[in-house]
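Consider the two complexes below, in which chain A is the common component and chain B and chain C are the respective partners.
On to the complex of A and B.
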């Protein structure tokens, strides 16, 4: 299990290192505008092939690159209904505070749980290797976070039920 | 002009598909003899470069998939595979990774790690950038 996770993260890291080749490119259609081309997809010569990396049926990662921006969308493993709800709420919490993360996208791409949008400006301000480290670290930590949340929900539920049922003893 | 291209495509498609079937028989026999590396080489060799016909691509993908899943020894694979096949193999690996089928993805991830060590990031970049010869 840990073996495939390591391979999956290595594959994503290598692909991101290759795909993060961004430069400034003003909009071709509208003058004095500068838009992330991967979001608009207006000109086909500016976008590269999208790459889908699946670890198994439940987890996958979509990497779309263009000349000045890169979009990474993740689908996190959700084993049961409870994890489904926890993941949705937790990732929505993060996405609402996307300003603080800078590279996070406010709404995930349809079909995925969370999305990142990295533009050439981010690459100018921050180091490319650190950005990639951040994304890979995020993917590692998200699984741990969700299982921790699930455990705390179950523990709290058990305690509350025990307290409540005491009055009937 | 586009009409002529389509006509040529249709002819070529049949020829390509029959070539692929012929190739798959050869690969089955190579696998029975226990030579997975040669079978992968054969599968990658005749990859149709410029067809836009989905059937040819799917047919070739099935053949390459069979060869990829049969590989157990990765060091032997890279010591005997020519560098000119690295790019095509990388494209097929990404196609395998997009299927989402667990054993395929496991195998493709293993080969991907080794191939990146051998071929470098340029190989991945050529997969991303090549919109003409897609797999």
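On to the complex of A and C.
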């Protein structure tokens, strides 16, 4: 299990190293504007082919690059209904505070659970290697967090049920 | 082949240009200003700030004989600055662009300059004495996407451009009244302005950083697909060579001599490419490649790798043990290098020193003193 996680993350890391070659590029469609081309998709020659890295049917990562921006969308493993709810709530909590993360997108790309948008301005302010480390670390932590949340929900449920049923003993 | 001097000027440098005597440097610190620094007693002090543009200045070129600075910006404007007394005075340039300007370069004779733009056009500007401004002629309907880089041929007429549609084109920019028709140049039949001499469709991805060799015989440009293209005998039957390399794409190139090219890009270290006697180009090495400790004992490689991890951990902050870290690229530049310029001594044909500037805000001067093996 851990083996495939390492491979999956290494693959994503290598792809991001190649994809995160961004530069400042003014908009071709509107004068004096500078927009992330991967979001607008107005000029087809400025966008590169998207890459989909799948760990299994449930977990995948879509990396779309353009000349000045990069979008990473993740689909996190959700084994059962409870994990589904926890993931949705947890990631929604993070996305709502996207300004604090700077590279996080407020809404995930349709079909995915969470998305990042990295622009050339982020690459100018922050080191590329640190950005990639952040994304990969995030992916590792998400799994841990969701498992912990699930465990704590189950534990709490058990405790509450035990307390409640004590009165019938 | 080592970095002779490293200067940190700003948080991020978009582009830079040197004065004719290399005592002053003009650079854009990723905003709408141009800062000019002068070297005095081993320290750089800021002597001028040119503030006329509204958006980021994307191209600066300083002419060597006429001492003029041309700046172009994303706000579709361009100015030619002249030193009058102790101030730089801008002259209006009628650029007639409706999108951002991306690059600029003075022609070898400095009577014209070329501007590449996001409007998919190239403007060639020349001076009109009567009105004291610079007027432009546009090369329209040739490019399918933004023009990222321009380079003048030594004959002052031919201009090479690269674009984000992946193609490199060579145009004739003969302007009546500015250029003199030289009977010696053989390409007299193509001397109409805007005539496309050549279109090179070698790259699948965006093309950047085009440069001519000192004689004008060879053209080099890079593609975003980690390839560098060399074209010999530019004319009706060019000879093109593709050199693919393992690392991240390049942004700009420089011809150090007829047979040696330095490329800079996202790898943060300059790369050397050279042509052998038969004219085949290949990647030689990274500049300043620190030798791996070959004198270390047999178990040394694993040990030194682990030691290196430990060392980098303390240098670059806390990293989690579980995750393997991204390779910290380059030692001197910490971020992408996007501009390389020669520091030519007058009278010497080969370039021994050059400067690079990047998104980490550093300008590094490199010297090829110990690299005579490259020049054989």
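What we mean here is this: the second predicted complex is superposed on the first by the 169 of 169 C-alpha atoms of A that agree within 3 Å, B and C clash if a C-alpha of one lies under 4 Å from a C-alpha of the other, contacts with A are read in each partner's own complex, and residues count from 1 in each chain.
The definition used in the following text is that a contact is a pair of C-beta atoms (placed from the backbone, for glycine too) under 8 Å apart; a residue touches a chain by one contact, two chains touch by 3 or more.
A quick note: this is a predicted structure, and the numbers were derived from the prediction, not measured.
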Review point. Can A:118 be said to touch chain B (first), chain C (second), both, or neither?
Key: neither
Check your understanding: Touching A:32 in the superposition: chain B (first), chain C (second), both, neither?
Key -> second
Check your understanding: Should A:65 be classified as contacting the first partner (chain B), the second (chain C), both, or neither?
Key -> first
Review point. Which partner reaches more residues of chain A, chain B or chain C?
Key: C
Practice item. In the overlay, answer first, second, both or neither for which of chain B and chain C A:23 touches. Key: second
Review point. Of the two partner chains, chain B (first) and chain C (second), which one does A:91 touch, if any: first, second, both, or neither?
Key: neither
Review point. Should A:55 be classified as contacting the first partner (chain B), the second (chain C), both, or neither?
Key: first
Review point. So, A:46: does it touch chain B (first), chain C (second), both, or neither?
Key: second
Check your understanding: Looking at the overlay, does A:4 come into contact with chain B only (first), chain C only (second), both, or neither?
Key -> first
Study note, to complete from the structure: Contacts of chain A common to chain B and chain C in the A-superposed view 10, 17-18, 21, 48
Review point. Chain C touches which residues of chain A in the complex?
Key: 9-10, 13, 17-18, 21, 23-28, 31-32, 34, 43, 45-46, 48, 67, 123-125, 127-130, 132-133, 136-137, 140
Check your understanding: Touching chain A in the complex: which residues of chain C?
Key -> 11-12, 14, 30, 54-56, 58, 74-76, 98-100, 102, 118-120, 144-146, 164-166, 205-206, 224, 248-249, 251, 265-266, 319-320, 322-329, 334-336, 338, 359
Review point. Residues of chain A touching chain B in their complex?
Key: 4, 7-8, 10-11, 14-15, 17-19, 21, 44, 48-49, 51-57, 60, 65
Review point. Which of the residues in chain B come into contact with chain A in the complex?
Key: 94, 97-102, 105-106, 109-110, 112-113, 116, 121-122, 124-125, 127-131, 134
